[in-house]
Amino acid sequence: MSSHRSRLARLAGYLVLVLVALAYTYPFLIELGTAFKTNADATAHPLNPLPQQWSLDAFDALAELDFPRWAANSLVVTVAVTVGRIVSCSMAGYALARLRFRGRSAVFGALIAVMAVPGVVLLIPKFLVLNQLGVYDTYAAMILPLLVDATGIFIMKQFFETVPVSVEEAARIDGAGPFRTFWSVVLPMSKPALITLTILSFQASWNELPHFIVSRQDPALNTLTTGVATLVSGQLGQGNQFPLKLAAALLMTLPVAVVYFIFSSRFTRGTYEGADK
Amino acid sequence: MGRSITRVLGVAGAAGLLLATTACGGKGFDDASAPAQQQAGPAKLTVLIASSSAAEQHAVEQAATAWATRTGSTVEVVAANDMAQQLSQGFAAGSPPDVFMADASKFAGYAQNMLPYGDSLPYKDDIYPSLRQTFTLDDKLYCAPKDFSTLALVINNELWTRAGLTDQDVPTTWEQLRAVAQKLTTGEQTGLVFASEHNRVNAFLVQAGGWVLDDKQTTATADTPQNLQALQYVRDLLASGAAKFPKQIGAGDSIEALGKGKAAMVVEGNWIVGAMRNDYPDVKYRAVPLPAGPAGAGTLSFTQCWGIAAQSHYQEQAKDLVNAFMDPQQQLTFAETFGVMPARQSVREQYQQRFPDQAAFLQGAEHAHGPVTPTAMDAVMADFDAQLQQLPDADPKRILEQLQRNASAALGAR
Amino acid sequence: MSVHLSDRPVAAAAPPRRARVNRRGAGGDGAVGWLFLAPAIVVLGLFLVLPIVMAFWVSVSDWKGTGSPFASSVGFVGADNYAALLTTPGLAQQNFGTSVRNNLYFVLFVVPVQTALALFLAVVLNQRRLRGRNFFRTALYFPTVTSSVAISVVFLFLFSSSGTVNAALGLFGVDGPSWFADPRGIFHLALQGLGVVAADHPPAALADTSVLGLSLWDWLSGPSVAMCSIIILVVWTSTGGYMLMFYAALQNIPVSLDEAALIDGATPVQRFWRITVPQLRPTLFLVLTLGLIGTWQVFDQVYVMSRGAPANTTLTPAYLSYSTSFIGKQWGQGSAIAFMLFVLIVALTLVQRWILRERDRTPRRAGR
């Protein structure tokens, strides 16, 4: 009897999961299908993800807008930020995990404190600092503030602490300085952590919006996030051209989706580590 | 815990040091008032426009390119996504656009960042005096008014005739407007659509003989019976379903609603001419004067000027570009492409002859009310917009009382 | 979370003498250590620590947005900007009050719903012999990694008045609202629906007393219909991540505990409340506090979807601080809002850390 009941429970579980999975995938199906619809089709059949007749108008229109430029900017910023974070976070993480010097614990404490600072409340002063530095409205302004990520340092520090000390000791006895030990012994062993860091940096900088609102205003510096946001506000006469907007959303989601489906386990691990500071 | 406090203090100290470095390495602190250094010769100008439509953007781009080719300069025309944000960010950053459209309702707030060049214009006296007055502050004309527009009732011809309506049915009173709006409301189609903002709704205030402020714009007059009557009329129209806001019918704006046949009539300004030609070239429509209210005919007028940033390094070149925009023939080209009325009196007759379809807009100019301009009223009018969005569920009396309270506070605080 | 420094085992393993040799030989770990940390310290100092100081200064100054906020012409105005938001009746106070109300309802709805939903899904997902677990996990977590801008665009379409949601409601004969144009609070709607009060004639006792520039009646509005669509969006986006946290924690519960209860004849529901929930307590705290911290920062969705409209009912303090500064040019007030939000979020974070630190010290409690 009890096995009968548990089978029933499992069936109910499946039912719930299927319904929830539908609620989670259907919006993406709508996004995908509507991108290939005509404007009229999109508003006439909002529930059906399949276009009545396939159309590439939305993509043509996007190409005519500055979409390629936005994508290029997003790419430039993302690559620069990711490379920068790999270097800065692994160096800092190593120093905090392995190098002994006065003030280390103070720096670590400050880092923990800084991780709590919410990004959105710093929009105004971040703009002021960038302006004061004379870099406002440049790529530098968009990239520099994102180059270091406290959570990334934390992930690297935790990883380095798991590397056996004996490896480094051996290198040091051979006369290698801390820098060479780090570069040619420790880093090559850190691939898993570096991949996690790369993925998290890529995702975070690709999706970043508020920082790009306040660090630039030249439309030529629009990233995908700020650019697509201007499409939506409709002041440029896009009105209710939903296929255009959804095509833009679709294209900006694709790179993250590809990386996600290849490395999905690393994404989820990143959440724990990022959250469970 | 004690240790972490010392840490925080240490970090704060480090920040102080950084601040000092910033001060030396970056821009100086007292650079605000220094006049921008001027450069002669070919310029690199940025023009920020609040475009009413793609048509307007193209027209300005064409005019700017022509000027650039003639003078060997380069001009970048940028359509603002959010004019107010982009301008204030630009002024704060010390890198505003050289030339920008300043709306009459916002102009006073930008004046301290603008080059007051208007009085040196050779054609100054050719500009309508009321427009000059709008952009004059402390007896200085700050900028050249680029054109002006008024609101009219714009009707979709096909939907009109389909409902069995004829020329005789064109509404001239509030009662008639209510009747035809009701008649034109069927299923997916709404009789009358207008944006949920004071820049449309206030026209009804004028028709009822009311307004937000007194003529000198120093005292709030929002809670008068005239205004209440107007807002109640608007509320009733919306409550009956014969009138709706664009968002309520899934349209981005009134023009889209008209173009797609979701609205039979809309309250819009001259710019609808360019937008319709661009986006809905096959839709036939006509513009008629807004129906008169209890106090007679009334509409709103809008104008913008070509502001030049005080921080621009190419002020002479910028002035030259503005002169090109203000050229009488260019004014008529703008009028043709996006419907606005020229700011220069000398081309009034030519405008009338060439665009008889737009007579309603020009006619409106005679009983049009200009925008609320004091800077302090900016936030007040934004809040008024927010309250209007609550119609028809909100109480008009409360809305006006709140407007009165806010306006009095804002004007008193000046 | 552990602040215990892990150099101890290293120091223990390495004899002090050798360490000293190393330090001299490499020019000292000190210099190298600071060198390694330099990029991080400079960037975080310039763009995280310095901005906090600057935000505070601007919030007590009368800076107008032109030139440097440190110029000699900028004056110190003490708590004026804070007073304008908190104590002086007027538009600024009213807008701030409205944004706080909106965000309170946002928190009140999002945090419990996403926590409960995440826990529920994790429990379902944790059933033994479940097929397709990876698929479900992947599908449910995907929105969390997707750009908030892209998701907002999709939801604008789903919730437009002729959009997917209303079409789906139409299948059931329900005439959906025009979501993003509807400023009516759902509590108000409910009261009207029950015939308790009429919309334009609220009870005088509530309408005439006001707190933070907002009448009590307005405080009790509930989230507007427009805000509800943002609430749904955020719950939809963030549940997946929290579900994974619960799921990981569930996997750590010893099976023996559950089995013991099973032998005692406890029903599944009893087992859930008596064993699973107490075991999950630390994760529950984590999810709740992370949720609280996150929901007070909502900005992207408001910026993309509504910019506070309709009728300011989707205005949040984070967006208001932005718009007050960058659009309204009231930099002092905008910074004051930002600073208050900063203090609130830091306080929430401290509470979270304090609770979790307690967890680190005490060993896992067995189910009572």
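Here are a few things to note about the model shown:
Going by the order they are written in, the chains are A, B and C; count residues from 1 in each one.
Heads up, the rule we're going with is that a residue touches a chain if its C-beta (ideal position, glycine included) is under 8 Å from a C-beta of that chain, and two chains touch if they have at least 3 such contacts.
If you're wondering where the values come from, they're calculated on a predicted model, not measured in any experiment.
The most distant chain from chain A is B, comparing centres defined as mean Cα coordinates.
Chain pair with the larger contact count among A-B and B-C is B-C, by C-beta pairs in contact.
Chain A and chain C have centres, each the mean of its CA atoms, that are 18 Å apart. Measuring from the averaged C-alpha position of chain A to that of chain B gives a distance of 38 Å. Between the CA-based centres of chain B and chain C the separation comes to 36 Å, rounded to the whole angstrom.
Residues of chain B in contact with at least two other chains: 11, 22-23, 27, 82, 89, 92, 94, 250.
Under the contact definition stated at the top, the residues of chain C that touch 2 or more other chains are 41, 46, 49-50, 52-53, 68, 160, 162-163, 326, 331. Contact of a single residue of chain A with at least two other chains is seen at positions 43, 109, 114, 127-129, 132-133, 214, 233, 240. Of all residues in chain B, only 11-12, 14-16, 18-19, 22-23, 27-33, 82, 84-85, 88-89, 91-92, 94, 109, 112-113, 196, 245, 247-250, 378-380, 383, 386-387, 389-390, 393-395, 398, 406, 409-410 touch chain C in the complex they form. If you check the complex, the residues on chain A that touch chain B are 43, 106, 109-110, 113-114, 127-129, 131-134, 136-137, 214, 217-219, 230, 233-240. Those residues of chain C that touch chain A in the shared complex are 1, 3, 5-7, 9-11, 13-14, 19, 22-23, 25-34, 36-37, 39-41, 43-44, 46-55, 58, 68-69, 121, 124-125, 127, 129-130, 132, 135-158, 160, 162-164, 166-168, 171, 236, 240-241, 244-245, 248, 268, 286, 290, 293, 296-297, 299-300, 303-305, 307, 318, 321-322, 325-326, 331, 334-335, 338-339, 341-342, 345-346, 349-350. Touching chain C in their complex are the following residues of chain A: 9-10, 13-14, 16-17, 20-21, 23-25, 27-28, 30-31, 34, 42-43, 46-47, 84, 87-89, 91-92, 94-105, 107-109, 111-112, 114, 116-129, 132-133, 144-145, 147-148, 150, 153, 161, 165, 169, 172, 175, 177-179, 182, 203, 206-207, 209-210, 213-214, 224-225, 228-229, 231-233, 240, 242, 245-246, 248-250, 252-253, 256-257, 260-261, 264, 267-268, 271-272, 275-277. Listed in rising order, the residues of chain C touching chain B in the complex are 41-42, 45-46, 49-50, 52-53, 65-68, 70-73, 89-92, 94-95, 160-163, 178, 180-181, 183-184, 199-201, 308-312, 323, 326-329, 331.
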